[in-house]
Amino acid sequence: MDLSKKTLIDLYTTMLAIRRFEERVAQEVYAGNVPGFVHSYIGEEAIAAGVCLNLDRQDRIVSHHRGHGHCIAKGADMKKMMAEIYGKKTGYCKGKGGSMHIADFSIGMLGADGIVGAGLPIATGAALAAKLEGKGKIAAVFFGDGACQEGEFHETLNLASIWKLPLLFVCENNHYGVNTSAKYSLGAGEITRMPEAYHIATRSIDGNDVETVYQAAAEAVAQLRKGDGPYFLECKTYRWHKHFLSEGLEDLRPKEELEAWKRKCPISVFESRLIREKILTEGKAKRINARIMEMVEDAHDFALSSPYPLPEDALQDVYSA
Amino acid sequence: MREITYEQAATEAIQEEFRRNPRTVHMSTDLAADLQQEFGPDRIRVTPIAENSFVGASIGLAGAGFRTVSNLRMATFGFVAMDQMMNHAAKITYMFGGQAKFPVLYRMTVGAGFSGAAEHSISPYSMFMNVPGLKIILPTTPYDVKGLLKTALRDNNPVISFEHFLLGGMKGEVPEQEYLIPFGKACIRRKGSDVTIVALAKMVYSALDAAEELAARGISAEVIDPRTLVPFDREAVIKSVKKTGRLVVVDEACQTCGAAAEIIAMVTSDKGAFRKLKAAPARVCGLDIPIPFSPPLEKFAIPDAEKIVKATRGVMR
Amino acid sequence: MDLSKKTLIDLYTTMLAIRRFEERVAQEVYAGNVPGFVHSYIGEEAIAAGVCLNLDRQDRIVSHHRGHGHCIAKGADMKKMMAEIYGKKTGYCKGKGGSMHIADFSIGMLGADGIVGAGLPIATGAALAAKLEGKGKIAAVFFGDGACQEGEFHETLNLASIWKLPLLFVCENNHYGVNTSAKYSLGAGEITRMPEAYHIATRSIDGNDVETVYQAAAEAVAQLRKGDGPYFLECKTYRWHKHFLSEGLEDLRPKEELEAWKRKCPISVFESRLIREKILTEGKAKRINARIMEMVEDAHDFALSSPYPLPEDALQDVYSA
Amino acid sequence: MREITYEQAATEAIQEEFRRNPRTVHMSTDLAADLQQEFGPDRIRVTPIAENSFVGASIGLAGAGFRTVSNLRMATFGFVAMDQMMNHAAKITYMFGGQAKFPVLYRMTVGAGFSGAAEHSISPYSMFMNVPGLKIILPTTPYDVKGLLKTALRDNNPVISFEHFLLGGMKGEVPEQEYLIPFGKACIRRKGSDVTIVALAKMVYSALDAAEELAARGISAEVIDPRTLVPFDREAVIKSVKKTGRLVVVDEACQTCGAAAEIIAMVTSDKGAFRKLKAAPARVCGLDIPIPFSPPLEKFAIPDAEKIVKATRGVMR
């Protein structure tokens, strides 16, 4: 399948939006302006972009602690995201969730979650809902190589398999859980061996090549919409920042490894190609970049100028009416 | 009025509510045959033995606009699903700023008295009471279980129904016509003037037996069944204690950090109630030991009418 | 490998001991004399016998809710077992555990456990201990097809795989968890697909043929003692009784299925063969049976004549000194 | 005396005890580099992110004669391992009739105050107190964490150490020579005569600040740090309340069914202490809400010196 120019530019734009947003957030985190723990998605943008651009608004996704990219790719509002990250009243969760718990149910983003592996069972519910609704909707769940070590992963593969759920598993294999190599902690070696054991359609791809991700996801989503049961996409990638953004935190990963992966930057490699193939010009790239920078700055201004919630607001939303 | 069992009443509640609302799903490791016959295998689902997965699934279903019932059977199996219940079901309404509703109902049996031994004989409701975001009901009669489960199935929040294992087969009057029982309304099972006995779950019956025995000794005990633990009918208990000046709390769960501790703390830290207290309140709870298997040991471990009488007389002195 | 006459007779005797013990227990349960829940091992005797006769006293096993057979095969004392089942002071656990929680640490039987799947992680600890002790000891864990659905199963396969633990997984696939068919609830179809995904040596065998079980276990145990990492043995079998012994409980399994499996009785088929091959005579079989019946009766008498614990004994053993 | 951090003191405790006993194993999802360097990768093990599995493994190791430390990091991750901790570690000594010892130590951080939001900011110790068979420690200083962990590592039972997330970097005096701190001995952090303040975990410091402030207003507060929750030094608290006649309990955990409820129930149901009580006891606890992310909300949710002063003055009135 040859991708349309529009799709290629959309993929590029989405990745760049995530990158610029995350860069801005990182800058503010290191300046000490952001409370809590922030997990940066930089380096993994191709996955969120490649997958989510295949989804409709009605399709639902479940994300994890490193979730900003999924939000942006699914169409979330950067303003409300940034405000949430700052703990402002205008944020997606009125300041109650923060970076790790952004959700936008209106666009089918059912939320980021901070417990490793826990989004997986929740996503089976979203997929079952789609199946029961019978309108060809699907659900997608993003999770790391670390999540594949939790029992909930196994239970979810099994449930998705026996109920033939329209669930797209998107494993963002960035090769580490904090500082522990997946080579050490995953007995299967290849992650795909696990879903295969459950007769789940499986593919392992270069998660830094957005076109590959997009095409693989398109194929997977088409199968899912037909009701053929779950699909497992392993996307190999690498995170550029520390596990979470923090001066104090150690990064025990080999420096050369990081450098090698940086050379495979999902954005700059793709950009060069688009320019080489004349799909994009340097001028246009600059304009896209400028527009995104503006959006990010607007979002940041919005967050900064937004009020904090009132202390008593803490008492609301414990229960729904 | 017709009499049906506690479990039949519970099933009726689910049937009636599932008829009202087609966006409802029931999950359990065992086949719920009655329900499946009426509502089909799409909505009445048998799950693998993997509690965290189907409790998690209930949350996703809720996030997508469905209501669910997950029958976990014994509360001890709930420990396998603690992550989904406590880290997620309880918290996501809040941490997502109230964007979505999570109407999930979890049913679990609790209690001892059937030689189930340590693992299968637990009453862990206080743990869940410590986690805001959950509502917790403790139905003690066929009438109550139907009315409370129906209310639960219209509530927009996670509700946990703790049902005593030995009450499932109990018969009682249940009207044919529809009714609901509101959360947070205690039921005074017996009126009295000398001492307030708050009793939980199956202990309501032991407390009523004890009250009978106490009456024979000239002590008039008021027996209160809170019916729901979250929300808790603070007013009913405090009002009663202000009247009687004495409080005994009876619970089969282990004493330390159980619901009985909360009820005593709630009452004694109320200035009005504290002033009216004529004696130190007493707890009659399960001993702080795992439930033993052997019948004489088990009997020793959990409260009964005799122990309640003894403690109440202690409070009267 | 041809098994010695002694081994064959030992296997026969062990199976028969389990059968007669379980029959006696069932009789008493249905007479209303035994408290609590009792899960009968009848029909599955070949597995406990075939595996445990390959183990030394120092090897450790972890069992599950259907554990009487494992206890007997590992060499537990029927008297103390029966007394425990009756809740007597002379029982293995002083009446505190009952049928579902019999243990005998002195013979390496680390206990039966009533939570489906929970014995698996515990067994990894026993296996790690064996590995650290470095004396060629191993651990074995018994569990059902139902346990393969719990997340703890997955976590245990992974841990055993990456730590190369000397752990023998013995899956007693009796095709049902309570009334739910494993065909429905296991997406993998063949259970062995799951351990294989973790690169664990795997074999699926007829769990009703004690010689097959013995030989497979012998091979597995030899590999485990060499330190080659875990081994997974799936033993296909069937339980003859209801999930637990109870008038009220429903058995939704097809009648014909049960009948077919009864014809594959691990004991009577083996007995006929031993007699046919002149390893056993009918007379000797009778004598063995009589001796076992006597042991079972002795155990039963012992249990009946033993005192109940004193109520206050309930306060002991909450903590170790 | 030298000063080291809380976390260093904890590491020293493990080092010293691992030197004494080679049959010891440490497990955690993160590399404990200091320990691994000294004791090697066989004993200091990195685990997959699979809490139930390595908590379960600790039980099997114990059953085979080893001692273990499992560092689960945040208590919220402990919810993933509830089955092994509550259904097994806590119960198997008992249900196997005391045949074997299970010396397993689980370390978890608790507490809020760092914008960790709802999932990462919990203080669930009361849940564990409701499960007999576990011992529970709550070290609040570098000195205490070392002494208590060393005691834990010689105890023959499951011990859970709840350590406030924000105390890890705190410095304090820790002697070079060996010492142990017995379980069940509270520490009176400040002497006083008008009111007893029992404070848990990091709230000890807020209570001390409050006591200072109260002193300036002529109120003499005694501040008690129980140090261990199971066993609990009942005598120390009751003795103090008998002296002061007033009780305030401070805890960051959610109020309902928290440890504070237990402490109040324990004191008020003691006839001697009840008689001496001059006022209703008060709780200053975390609100019954999930911990919110945003700093002003979070500050509102948890107690501080100001709130303690206010509540204590209320009790004095």
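Per-chain numbering from 1; labels A, B, C and D assigned in written order.
Heads up, the rule we're going with is that contacts are C-beta pairs under 8 Å (C-beta built on N, C-alpha and C of every residue); 3 or more make two chains touch, one makes a residue touch a chain.
Keep in mind that this is a model prediction, so the values were computed, not measured.
Undergrad: What's the overlap between the neighbours of chain A and those of chain B?
TA: C, D
Undergrad: If each hop has to land on a touching chain, what is the smallest number of hops from chain A to chain C?
TA: Minimal hop count between chain A and chain C: 1.
Undergrad: Report back the single chain whose CA centre is most distant from the CA centre of chain D.
TA: Checked the centroid distances; the maximum from chain D is C.
Undergrad: Report the inter-centroid distance (CA atoms only) between chain A and chain D in whole Å.
TA: Computed value for the inter-centroid distance: 37 Å.
Undergrad: Suppose each chain is reduced to the average of its Cα coordinates; what separation in Å results between chain C and chain D?
TA: One centre to the other, that is 40 Å.
Undergrad: Roughly how many whole angstrom separate the Cα centroids of chain B and chain D?
TA: So the centroids are 29 Å from each other.
Undergrad: Out of chain D, which residues touch more than one other chain, so two or more?
TA: Within chain D, residues 47-48, 50, 52-53, 76, 79-80, 83, 87, 94-95, 117-119, 132-133, 287-290, 292-293 contact more than one other chain.
Undergrad: Could you list the positions in chain A whose residues touch two or more of the other chains?
TA: 93, 95-97, 101, 113, 115, 149-152, 155, 158-159, 162, 184-186, 318
Undergrad: Going by the touch rule set out above, what shape does the chain contact graph take here: line, ring, star, complete or other?
TA: Topology of the interface graph: complete, with all chain pairs in contact.
Undergrad: Chain A touches which residues of chain B in the complex?
TA: By the definition above, chain B touches chain A via 23, 25, 42-43, 45, 47-48, 50, 52-66, 68, 83-84, 87-88, 92-102, 132-133, 135, 156-157.
Undergrad: Enumerate the contact residues on chain C facing chain A in the complex.
TA: Residue list for chain C touching chain A: 149-155, 157-162, 184-189, 193-194, 196-200.
Undergrad: Any idea which chain A residues touch chain B in the complex?
TA: Going through chain A, the ones touching chain B are 60, 62, 91-97, 101, 103-106, 110-111, 113, 115, 118, 120-130, 132-133, 139, 151-152, 155-156, 158-159, 162-163, 316-321.
Undergrad: Could you pull out which chain D residues touch chain B in their complex?
TA: 76, 79-80, 82-83, 86-87, 90-91, 94-95, 117-119, 124, 126-127, 129-133, 230, 253-254, 256-262, 264-266, 268-271, 273-275, 277, 279-283, 287-290, 292-293
Undergrad: Enumerate the contact residues on chain A facing chain D in the complex.
TA: The touching residues are 35-37, 87-88, 93, 95-98, 100-101, 113-117, 146-147, 149-151, 177-180, 184-186, 252, 308-315, 318.
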